[in-house]
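These are the structures, in structure tokens.
Heads up, the next two complexes both have chain A, just with different partners, chain B and then chain C.
Coming up: the complex of A and B.
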């Protein structure tokens, strides 16, 4: 039987399209437009050609912030993903304690970014913070306002504290979807704990894990509030990540042109990485479906 | 629209992108296709290949500028070669 094709329902999407154009697409186009111009205020613009891109691509400041950003995202992913899997594997599967664990795990996710930043800003301080004071008392020098390593450790531990539960919850959801029959079969075959993880749990978790990695990558790559509240990008420029540098440039120095060019390159990196993750994810789904 | 400081080059850029999208939409309606698998080992449709081409072209242009390989318009030739390769092999 031939189905009649009628695409008129697409018109129902029109209001959303207009809204998104107004709130996202046109502002993005404006950024592209500003990236090729210079302004000294008063809304007077001058054509600057490719000079901002040229300056930025040759700018050590931008590359340093970029490497810092890559390092930050890589480190937090390297910690949060395995840790989240371990936590998920050890959470109770059902009953009262499963619910308690779930609630406890979701607590950090409910705290607003700037509050997390403030918590850690105070917590890690040497004079009044519990962590900083204790470390100082047992003889470890820890001052995130002056020491490069202390600053990095603070923002990384903070991110791990804030977001590991997201990975754990997603991995847990993946684990819950595995039917008991798989585990019974493994038991009959006398599979080791590692074999169960490697051939049953891990492949079943992979789909949600990719989502978790994508979310964590994007969020950490765009992170602003938490490190800004804790270190303000310091000491020096030690924790000036891409977004902190971008805001300094756009709002601190009011260099709209360079900041717009910066934004475009930032956006391109996120777009490329997200596309890779998305492609891997959809291909995994297709393989599962076959 | 003067207050948004639009310029002719940006307008041309977006018109080109928009027309590409329109052309590919029309193509997809007139000549429906099934995804195929190329050297990347992933299923791609014409639209996917357009996306890969545009994103890659942005990077080619930035690399051209950053490595000072020559006048910028020549980067577009590299992009065209890249586009042909993507549509042929990916």
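Coming up: the complex of A and C.
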């Protein structure tokens, strides 16, 4: 069949273009404005070219925050993905307890981020927090306001507590899509528990796991609220992740030019990683469809 | 290979079954003879899959025992029973190659590599997949996947029994015939005990030495295809097997005659006094239209299916199907039907009674 040509269809796309322009492109352009120019206020701008970018790329402070960010995302992914899978594998498949588990698992996801931060900020305090006080009482020195490791452990445990449920629920959904006959066939074939996971459960979970990893990567790479509430980026700069550093630069120091350049690079990194994930995921789908 | 004995077996999916209606599988005693091919035939939801899952150990029955060669395996896990099962929808390990799929049950049992290789090649040849052995199972057609499932079921030589749960549902009709023939020749070659669940009478009758007909959680008849055709033990068997099924006419029987819709018919054999719902069953193959003999009938329509004609008629208020040869002309004057006494069975409350009046011929009926 020949395709009919109808250029009028472009008009139907127009409302979306306008909406996206107002919601995303125009705000982004103001950031671009600041990234390539310098200003002394009064809306007077001077062309700065790439100098903000050059300054930033040569700055130890940015690279430190970047490495901390990579480390943070890598650690929480390395914990949350396997843990989420293990939780999903051990959840009841049906019945009353399945619903109970689902509700309990969803609870952390429903708590506002700054409340999560506050909960852990209090929970880990040595003077009044249940966790901090207990650790102190059994002789473990745990003070996240002064100790580098205590601060990191606190924000990582907090993130694991907050977000492992998401991975678990997605993995659980993947598991639920496996027909019973597969497990029965595996029993008859005398497959080991590991083989059942390796050849039945894992392949079926792979699609949703990719989504879980993408979501968790993006969220953790942009995380701000929770660690800010708990540690404020300290002690020193120990937990100053990229977005905390960005806010310090933009609002603390009011260095709008470098902050804008920082934002653009931050945005591009996330975009690039998401694109890689997207490509991998669609290739997986294609392989499935073959 | 083993003889499989079902001893007072019954199963209910409810935790506390009360009446007989709560049982998905009603009480059953049966020996599956070693090396025979059985078909388990019945409509959907009649309990045949329940029975199969009890034999394979995926379900533990509520009551009774199951024995393999006299050894009680009622509570033994599936792996210990050493059986193979092929499911209704293809179960393949997507990420493995076809070769690895076929080898999987052997490797899990620690067979040596040479044996696995020869066995896999043999099975691949049988299911016609030698050329695709190194492909990933993912992305094959449903046909091909189901052939892999069949192959995986047959790859072990020492299984106690091979169970098939409607395995050809997703296969193309011409392929169905071919695979069924292969299964049958495999059965001749290796002599496995095979149990083949199906709701397709042609599949059951062509595959099996003995057909087990189930209805409403109960085994209503176990017999050769010929038994099922000539002497259905239950009206369900008469109705379910045959196309169209057996004619059932309410009757009053006294001695060797029956009163049907006001007409007297000769039965050829005598019956004792019968109580309950009495029906006369006769297959359409044993009814003949005539202009001069028999009882008057009204003909509604004639369906010509090519190899014969199916005449839809009525005797009084009761439908009566007749199968006439393709060559026979059905004239306007042929308004009478002759019922051949050799094809007549008498049913009381749906169960066949023997002509001598000896009582109910009640295979597998619960007390």
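Keep in mind that, in the parts below, the second predicted complex is superposed on the first by the 277 of 290 C-alpha atoms of A that agree within 3 Å, B and C clash if a C-alpha of one lies under 4 Å from a C-alpha of the other, contacts with A are read in each partner's own complex, and residues count from 1 in each chain.
Here is the rule we go by: contacts are C-beta pairs under 8 Å (C-beta built on N, C-alpha and C of every residue); 3 or more make two chains touch, one makes a residue touch a chain.
Given the structure is predicted, the values throughout are model-derived calculations rather than measurements.
> If you stack the two complexes on chain A, which partner ends up touching A:254: first (chain B), second (chain C), both, or neither?
So A:254 meets neither chain B nor chain C here.
> Per the contact definition in the header, classify A:268: touching chain B only (first), chain C only (second), both, or neither.
Once the two structures are laid over each other on A, A:268 reaches chain B alone.
> Between chain B and chain C, point out the one touching more chain A residues.
Of chain B and chain C, more residues of chain A lie in contact with B.
> Thinking of the overlay built on chain A, is A:191 touched by chain B (first), by chain C (second), by both, or by neither?
second
> Could you tell me which stretches of chain A are touched by chain B in one complex and by chain C in the other?
none
> Flag every residue of chain B that touches chain A in the complex, lowest number first.
3-7, 9-10, 13-14, 42-43, 51, 55, 58-59, 62, 65-66, 72
> Which residues, counting only chain C, touch chain A once they are in their complex?
Listed in rising order, the residues are 56-58, 77-79, 83-85, 87-89, 91, 93-96, 104-105, 108-109, 138-139, 149, 152.
> For the complex, give me every residue of chain A touching chain C.
Residues 179, 181-182, 184-185, 187-192, 195, 199-200, 203, 287-290 of chain A touch chain C in their complex.
> Quick one: in the complex, what on chain A touches chain B?
29-30, 32-34, 36-37, 39, 43, 45, 47, 50, 53-54, 57-58, 265, 268, 271-272, 275, 279, 283, 286
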